[in-house]
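The data blocks that follow each hold one structure.
In the two complexes that follow, chain A is the common piece, with chain B as its partner first and chain C second.
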Partner chain A sequence: MTNLTAMPELSASAALPPPRGYWAVAMRKLLRPLLVKLCVLYIAAVLVISVLVPFIATGKPYIISLHTAHGLVTRYPLFADLTTRDYLTFLTAGMLIALAAIWRLTARVDLLRRRKLRWVSALTCISATVIAGVLVASLHHNQFDGTNYRHLMKSGRATGAIFAPIPWGYAQMEPLGRQAVNEMPSWRHWLGTDRSGRDVLSRMLWASRVAMGIGFVSQFIALSLGIIVGALMGYFSGVCDILGMRIVEMVEAIPTFFLILTFIAVFGRSTLMIMIILGVTGWTGYARFLRAEFLRIRQLDYIVAARASGAPLHSVLFRHMLPNGLTPVLVSASFGLAGAVTIESSLSYLGIGVRPPTPSWGGMLNAAGNPATVFHWFQALPPGFVLFLTVLAFNLVGEALRDAIDPRSFS
Partner chain B sequence: MLSYIIRRILLMFPTLIGMTFIIFAIVRMAPGLTTSGGMYTAGMLQSHQSQLAQQRFMARRLHLITRNGKPIPIAIQYVRWINRIIHGDLGTSIEFSEPVTKLVLQRLPVTLTINLISMVIIYLIAVPGGVLAAIYRGRLVDRIFGLGSLVLYSLPIIWVGSMLLGFLANPSFLNVFPSAGLHSTNTSKMSYFQFVFDYAWHITLPVLCLSYGGFAYLAKQVRGSYIDNLQQDFTRTARAKGLPPSTVLLRHVTQNSMLPMITIVGMTLPGLLGGSVIVEQIFSIQGMGRLMFEATYARDLPVIQSLALVTSAITLVSYLMVDIAYHMVDPRVTYD
Partner chain C sequence: MSDEPLLTVRNLQTHFWAGDGVIPAVDGVSFSIFHRQTLAIVGESGCGKSVTAMSILRLIPSPPGKIVAGEVFFKSQNLLAMSEKAIRRIRGGQIAMIFQEPMTSLNPVMSIGDQILEAIFLHQNVSPAAAVDIAVQSLRDVGIADAQRRLYEYPHQISGGMKQRVMIAMALVCKPRLLIADEPTTALDVTIQAQILELLAAVKRQNDMAVLLITHDLGIVAENADVVAIMYAGRIVEFADVYELFANPIHPYTRGLMACVPRLGAPHGRLTTIPGTVPSPASWPKGCRFEPRCALCTDDVRQRCRDHMPQLRQINDRHWAATFLAPGFDSAAATAPTLPFRRADQTPPGVPSTQGAL
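Then we have the complex of A and B:
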């Protein structure tokens, strides 16, 4: 990141430097990367929270000793309560971290061995994750644990428990005796409670999982589709290009939000379906980008040389063209992510996004009441602000990356 | 000129046909549409309401199948659908029990007016801002405008909309703006100016919500193209001739920087139409976006496919107009 942002400083100084004082130069050198660093940190924090949220915000204690007929029994309700989806999330996150580590560790190995090493270890890693995922999905059964552990502690039937930092589950309501609906922030509930007496902070943290999950998976689908179509159009050009561009134009002519709503009306709105829908409607931009890049790169000397020396098609495509053409596409994926997060929350706000017990930032905004009559602003402020910060962070990082790879747009 | 326009319009038809095909294909993939038969017929008819629900369900399934109850081939369904569209019949809404054409004609003007007003506001703010940013490139003005427009672009409409409504149109805070609709209830007693003022008062918040996010992209493009043209040889020549800076900017740079401004008219409209779904829902405006939302909520497929078609037709027409304007401004440009 720092290398990338430092690069245009050199090229910018060559082209018509605007008069600038020492202070301004210093401030910019300091501020710009700092802002970007903050954004990257924020995104990383949201990602970590979205993966580890079952350990952060839940009503189940990590460990508790219960008095039973057989004496003192130690239980681990939080770990027993993890769902299949939680395990799958951990597995996926672990796999991605392992892949990144493999890439990093093999960077120093010499070229021929590195290629083989990377392929073998990445394939092992992915297949191990898939096997583990299938095992978990088939063997693990979600258990519903309705015990109120706070009540157990209070009534003295349990001694010694360690609770999570935010001891409220996303669907956990206050007990019926307590009138705790639409509460203002207090020590008991740091951000107050919503209309069903559920903890707003806990729901907000859980919602980051929905947002990040839908954002990343949908953009992964969109990127894959866009890269395939764009590469085909750009490399083969001619008829392939003309046909492909007509298809891209047709899809782009339908306003995105209307297309998404059409898909939702037809296919329903489970979380997985929304991921797929956002992916299927969002690939055209990537395809356009990669096509333009490929059309440019095709003419470059090293591609001509590679083709003239008889390199096979897959070698030219995947070894020479794709690594060089992919950068702008990946940069625009940052904006795509921001867009996907926005659309997901808008859908949930309208009531046609993820289904109600699952928290989503948009859904929480909607749950803050009808703004024209009864408006609980303390419920609407935090989720909206977090949503704004997330979208802004992705946009700023995208902007910085784009400036970094394209010296012309640098001021 | 005329031949260009004609060729451009002819080029539009394949896209239009392909687009109808895509919409038709999506809607036709709805589960339970292609075959007849009822899963709702047993044990669900106790109340009047569930009878109605069943009727609607059957209507949803059967709205494209022949009267004899036999499914007809998909290709023929498509041709019939196109044929009906050509004759101006967009089908009948299941939810509203009204012809879709009538619904669309009722609601299209509302949405288009609000969107066009927002577009004008976006241009009025983004173009001068972009020009200023280009002139003071790298200075504080540029930085603030760039960052500010990006921040505005990142503000989610749902949050801003509900906050504005919650704080400015709410009896428990400030009750300055109306919270719903486009007109007050007593419009018949108003004079013309009162009517216009009332309308402006009602659309202030919706238009604000629609337009604030649009500055960033346009301003960035305007800034980029002004910066490009400020470095060109002809600008240097004009300056060297001793022309005043304002003349250089207005006559030499602006005329050459108009192309991106024109292009973006066509690109902003689809985004605004999409945004109007949310804005109209928040501010309870009976426009096309709200109709789309209601239709999606009720799975009213005839309305959905017609609205997708109408909005994409609007988009295509705006692309067409952009291309023609482009050709007028710069006759060297031809379609690729």
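Then we have the complex of A and C:
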């Protein structure tokens, strides 16, 4: 490690606020309009909910004391009830937050230590997450806890329970004997119940996990593929470009929606499969954008200068060119996210998306008008509105991003 | 002071493929540069001078460009035949390059420090702390105040002249033996131009470098160059040391260029121009490529100029020219131009100091 005291000048100038780079300037510009602020806040809220929904909408209490033959026993049913999928979601979210924090915190570290620090801590972070994920997946077994804790409380067999803000699980029905299907909004069920007597609000919140999961994972796959293929096409051009563009055209000829239908017909429903198909067929737009950007950037003086200073290919491609060519790809990724959310909802609306009882906005819309003789508006409005807002927010942020990173608007 | 050339270019040919046609942007260029020498390549836009410079470091975008023939020897290694890995060592480490547009020569998303540090780490095995010291010192060497602070700044926060200084600092940070300066001052205003040229001369002295200066400004040539190569339509048409060239220009193109330079104190009137434009490579004449615009071509040689391409021949011990109008052209030998001349080695033989545009 470097000895900071050996460089008095450096530590002195580090006290000044660091000058802002291109991205910092672009982000500030992006967030300037109120509408964009709201959209970003909304997306952030949906993301937070989709990760933390097991703590927000569940019938299991955080803590409860049961009267048993051995006296009062304290239990934590909500935590015991967490599934492997929940843990993996927390791990992934935690990793992303940690990576962002590393990036942010090291921004003020001096140049020479920053690069190493970032690499080492990011790699540690990712490998720790992968190890923890494998451990959780192999060691943790999902519990099935069918206990009705409300009933226990009511009958006096338990005390001291703290319930989640929305005390209904997504698959939890009102107990038999209490006919609570298709119930209008009430204090007990803020947005009413569906035809199986399940809480609409709880289901709506849980559905954000499916939407965000499919959106972000599929676009992550698509972005990775598109960036690699587009970068190679644009930088090498010539034969590489011709071959790459033919592959792009072939992939573009695949009708994604029908491909998913076919796969579901053959292999059955799987969220993961939908994510992968959306990713593997959705990268072509990114590849095209990046190719065009790279064709333009590769002849700019600073890229020639980087090559002239002896920078190796990976450094030229990914350190010098990618940050400069990524902007239109990010704009398009924002629209791509909206598209993926829409496709997931459409599939679920048709009844071939996620497997019930897992909720999805599209599936809830379908359930609201099914059977076709009755339409329960209170079941359709909330998921429809949230779906609309999500797609709108992604599109608005995409457009604002396009304006914010327009280099012509930079002074 | 006779010594081995630092860089020797032999019969370099770089062609570009555009649509169906082939454009021979550089068509058989040969020259040598010696240690501590400044060789200026002069010519108008599109004559192939930048392509020549880029070809030396194999920076031609391929496709559409390709170096189809020739050799570039640097310290007895052929740069055109070496592996990609080996030439990366040369790039930046032995031969550095600075560009015309300081506005676009720095990466806008990287801080200045990051860019200089990368150049250091690519070629020098030093500790991070030492690398920062080198970076700060290199910025100070090119006259940038508050170098520590500048390391953290981004290109959009500094001025054009400052950017060119940073470019020079980046190029010099690994102490190259040869600096290729591709129109280093064209995009700068005149006062900054003078500063940058002075800076280049100073760093050249300090680092014992050779400089390949690419320019179209004869004033810059007269003040800075030791040896001058005039390029026209992909070929060198005249090669001489700077005093000889300005005293006895031979090629009609060189003479035309010199006539175009406006002079202080000259009678007012229209500025002189060379009539016509550079012919496009697709329509290059079979013979001398300057013949269609040539003002000095006489009727008795015109047919010869149209039918035969004059090769670059050694007219005397300091002068090469590719024109049938040169005295003694027919008896001269077609040798590759090489002149270990440095103006610091001898006193100027009375060249008018008002030469040039400045």
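As a working rule, the second predicted complex is superposed on the first by the 357 of 411 C-alpha atoms of A that agree within 3 Å, B and C clash if a C-alpha of one lies under 4 Å from a C-alpha of the other, contacts with A are read in each partner's own complex, and residues count from 1 in each chain.
Quick note on the criterion: contacts are C-beta pairs under 8 Å (C-beta built on N, C-alpha and C of every residue); 3 or more make two chains touch, one makes a residue touch a chain.
As the structure is a computational prediction, the values presented were derived from the model and not from experiment.
Undergrad: Return first, second, both or neither, reflecting whether A:377 touches chain B, chain C, both chains, or no partner chain.
TA: first
Undergrad: If you stack the two complexes on chain A, which partner ends up touching A:306: first (chain B), second (chain C), both, or neither?
TA: After superposition on chain A, A:306 lies in contact with chain C alone.
Undergrad: Using the superposition on chain A described above, determine whether A:256 touches chain B (first), chain C (second), both, or neither.
TA: A:256 sits against chain B, while chain C stays out of touch.
Undergrad: In the superposed arrangement, which partner chain does A:388 touch: chain B (first), chain C (second), both, or neither?
TA: First partner only, chain B.
Undergrad: So, does A:338 touch the first partner chain B, the second partner chain C, both, or neither?
TA: So A:338 only meets chain B here.
Undergrad: Both chain B and chain C contact which residues of chain A?
TA: On chain A, the overlap between the chain B and chain C contacts is residues 16, 18, 20, 411.
Undergrad: Could you pull out which chain A residues touch chain C in their complex?
TA: 2-3, 6-7, 9-10, 12-13, 16, 18-23, 110-113, 116, 237-238, 298-302, 304-312, 315, 319-320, 323-324, 407, 410-411
Undergrad: Provide the residue numbers of chain C that touch chain A in the complex, in ascending order.
TA: Where chain C meets chain A, its residues are 54, 57, 59, 61-63, 88-93, 96-101, 104-111, 113-114, 117-119, 122-123, 127-129, 131-133, 136, 148-149, 151-154, 156-157, 167, 170-171.
Undergrad: Looking at the complex, which residues from chain B come into contact with chain A?
TA: Per the touch definition, chain B meets chain A at residues 14-15, 18-19, 21-23, 26-27, 29-30, 137-139, 142, 146, 150-151, 153-159, 161-163, 165-167, 169-173, 179-180, 224, 231, 270-271, 273-275, 277-278, 281-282, 292-293, 295-297, 299-301, 304-305, 307-308, 311-312, 315-316, 319.
Undergrad: So in the complex, which bits of chain A are touching chain B?
TA: That would be residues 16, 18, 20, 24, 246-247, 249-251, 253-259, 261-267, 338, 342, 345-346, 349-352, 362, 365, 368, 371-375, 377, 380-381, 384-385, 387-388, 391-392, 395-396, 399, 409, 411 of chain A.
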